[in-house]
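Report on the structure given below.
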């Protein structure tokens, strides 16, 4: 079969694809640019979202939970609770016990001059408490889950962890994520649509060539293969250009952002992991291939 | 080799351009197809290489029933047919050489041998010196000869030539017809559509005359 | 002059432009879609940023400043300060004076059982203070500016307004804005580039038509005008589609966001003002016109 | 009307296709331009309507020096010249009628009268019934007649026709030449390029013969 003979000639098709790219630079440029820009916007967009999440979490800072025992509970009960809390909160958390006396001393200190008035008390009416300081890496959902666990311990009569604050942080992240999902879907759909239409236009500009190939006895695969290779090459080039663009944007933005990020010590502008870079480049190639396949397919059927 | 039985081809809203036409062209026969402008010569050739489907009737080419051919089988039919199009149909973004070699590449020939044979064929139509030009830069008659070279380069069993000498002067016309006669002598079946009845007197062959899609004379 | 005669025939060119749009639906579709998608992404993006800012401000909630006087200052001084603060903070702010006695009563109440201990004091060591509650609409920068003004009043020994909190909010807004500027520039540049290239491709697909017009004696303006009108019409259509898309996205997103926005009472998803809608539609038309002018210009020179 | 002084046209790397040619065509003259394929007939016509600039020499058309014409003046020159292109150059996405009317619209004619005159002109080339078809659907000879109708519809002072009868049979050829003779009788200057020396014997007129870009006979 001649078809099989052709499929065994990948070099021939690669050669023809490259010749076409070189001979019609406008078209290859437009398709490549469309893919590059779409991927660039998509990547910057994904990085902004992930950066926003990281920033919000950093803003929250280290979370701080306070477990109150009954005022009647002995200091020993607080110490036992502290051990249990340390176990639940994990090795990275810092746990501190505040006894009846320590609680009163703290209040006196806080009241300053007025503190002397407390010396007249016969009995200490304050509760002992346990303070749990979580690492910065703990996020809102983890804090909330831990607070719920603590609240279920019978000795604990109240858990204070800035619920309102956490609720707002969680809401904000949720809003961010919904926007991200919407915009992500839009950018992806826009990319596929634009790329396939742009390639359709380049195929249209070569309709005579396709017609002549078919009149000379070329099979559909003979017509299609160079277009597919061209699409994949354009897509790959687009992906690589997008990666370069992301690196450049990061480079330009880094000094501007330094101030804004000063409070979030140790936080850096988000970067693409090697696997994500591969995904961008491969995604470009896939996009180009898919766009070409759709465009040529529509054309060959017509 | 080519057999038409009661073939009709009509386009929506027009009277048929081919009307109930029956015709047999034997293997290795040479036939002129004549008739005035709009008689249906081009349409008849297009039916034979399956660029159009007949509205009714049967067409058999090289033993295959064209009307029943699946879309994926058409390319393989066309590889046995060399066509000279009335409007040449050359690729403007490729060189003349590539245009001719292309007909060989389509059927799976390797690039090197394809270009060699294409260059040789260009020599036979007197255009070896224009091999590297794009067709746009050629004169009308030169483009026509490229189209002829492309049709003949893979020595097809059937050659359909539509006005192959419309842009050529008398001496080049004789050269090109000689190429077709040679090909015919080597066994190819050849149909040449032309409005030029002068050709028939200079090169007497079987001539099928069409008018308004009907055969008006044969012989 | 024939040129003048042609310029007096706007209807003729409009007619030809519409005929071209109708006869080459693929091309008009691609150009319109490119403009629509670019404007849609741009508009959604701008809305997200403005929504993000509004959300951050709402999260901040109503700002609250406390002005402390010297403990030795008489209550009357606090009342005079309150009037001045009310004048500086504007009519929408609520200003409240807390006298020496009121301050002590408040502390007693806050201490609960322990409060009784304060009865033994001979002298009130607390400062009188003035509380200023700003409207929700006040943003971080305004709060900070007002606090600076208050601090410059001689009677005021300290202003408390959650400086750390405000600093973080400001940083976050700054980061958001830099990202917005970067992405905005990218989306705009991408849009102009894509639109002009896409139209270039549609012009390229009609190069024979242009060649024939010129061979028949058409002037450059005769060739150009229908393309310009087509570009403007495609752009206008693209702008209107983008507006429809924004309305649809808002409609889809509203229920999803309701939860996330629950805390920000009275806050709604950001919407386009009529003037902004006009800008999107007009921007689309301008983009189409500009893209066409660039593409045809390049082509006519070649 | 048309004067060429020592005109040479050469493309990069090739020998000149027009070499030091001098020629005068008077107002209301009718000239056949003949010569074999590649002689330079089309190139000569292209020089006259300013589609190419000469490499050297002067060309004066209707009193204007083509070589010195600014780019913006070229359209106004072309409005006085009707051209039948060897490859027709019809707009495929417009109807036949629009293609012909277009030549009038370009010079500022209103759509209504333009279409009326175009339809009448189509009648004179025998194609009124194809007015609404796109040119692709026409036979080769029909397309050629549309091209002729377009060239003549605005009664230009100069008509340049490149192989206007290459796709037409003898009887249509006579009809078309009669149209050109009529136009000539009304005062138009006409140059017809053709490879067909038979035309010259049937319609004796002044004939300028080219070969390799040089004039080999005139008269």
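Here the chain labels run A, B, C and D in written order, and each chain numbers its own residues starting at 1.
Rule of thumb we're sticking to: a residue touches a chain if its C-beta (ideal position, glycine included) is under 8 Å from a C-beta of that chain, and two chains touch if they have at least 3 such contacts.
This one's a predicted model, so the numbers in the text were calculated from it and none came from an experiment.
Touching subunit A and subunit D together: B, C.
Chain centres were defined as the mean of their Cα atoms; on that basis the chain farthest from subunit D turns out to be A. If each chain is reduced to the centroid of its CA atoms, subunit C and subunit D end up 62 Å from each other.
Measuring from the averaged C-alpha position of subunit A to that of subunit B gives a distance of 62 Å.
Between subunit A and subunit C the centroid-to-centroid distance comes to 23 Å (mean Cα coordinates, whole Å).
The mean-CA centres of subunit B and subunit D are about 29 angstrom from one another, to the nearest whole unit. If touching chains are joined by edges, the resulting network of the protein chains shown is one closed cycle, each chain touching exactly two neighbours. Here the chains touching each other pair up as A-B, A-C, B-D, C-D. Those residues of subunit A that touch subunit B in the shared complex are 2, 5-6, 9, 12, 15, 23-24, 208-209, 211-220, 222.
Against subunit D, the residues of subunit B that register as touching in their complex are 11, 35-38, 41-43, 86-87, 137, 139-142, 144-145, 162-163, 166-172, 195-198. By the touch criterion stated above, subunit B contacts subunit A in their complex at residues 49, 51, 72, 75-79, 81, 83, 85, 89-94, 102-103, 105-108, 110-111, 150. Considering their complex, residues 26-27, 29-30, 33-34, 37, 40-41, 44-45, 48, 51-52, 55-56, 59, 107, 111-114, 117-121, 125-126, 167-168, 171-172, 174-176, 178-179, 182-183, 186-187, 190, 193-194, 197-198, 200-202, 204-205, 249, 252-253, 256-257, 259-263 of subunit A touch subunit C.
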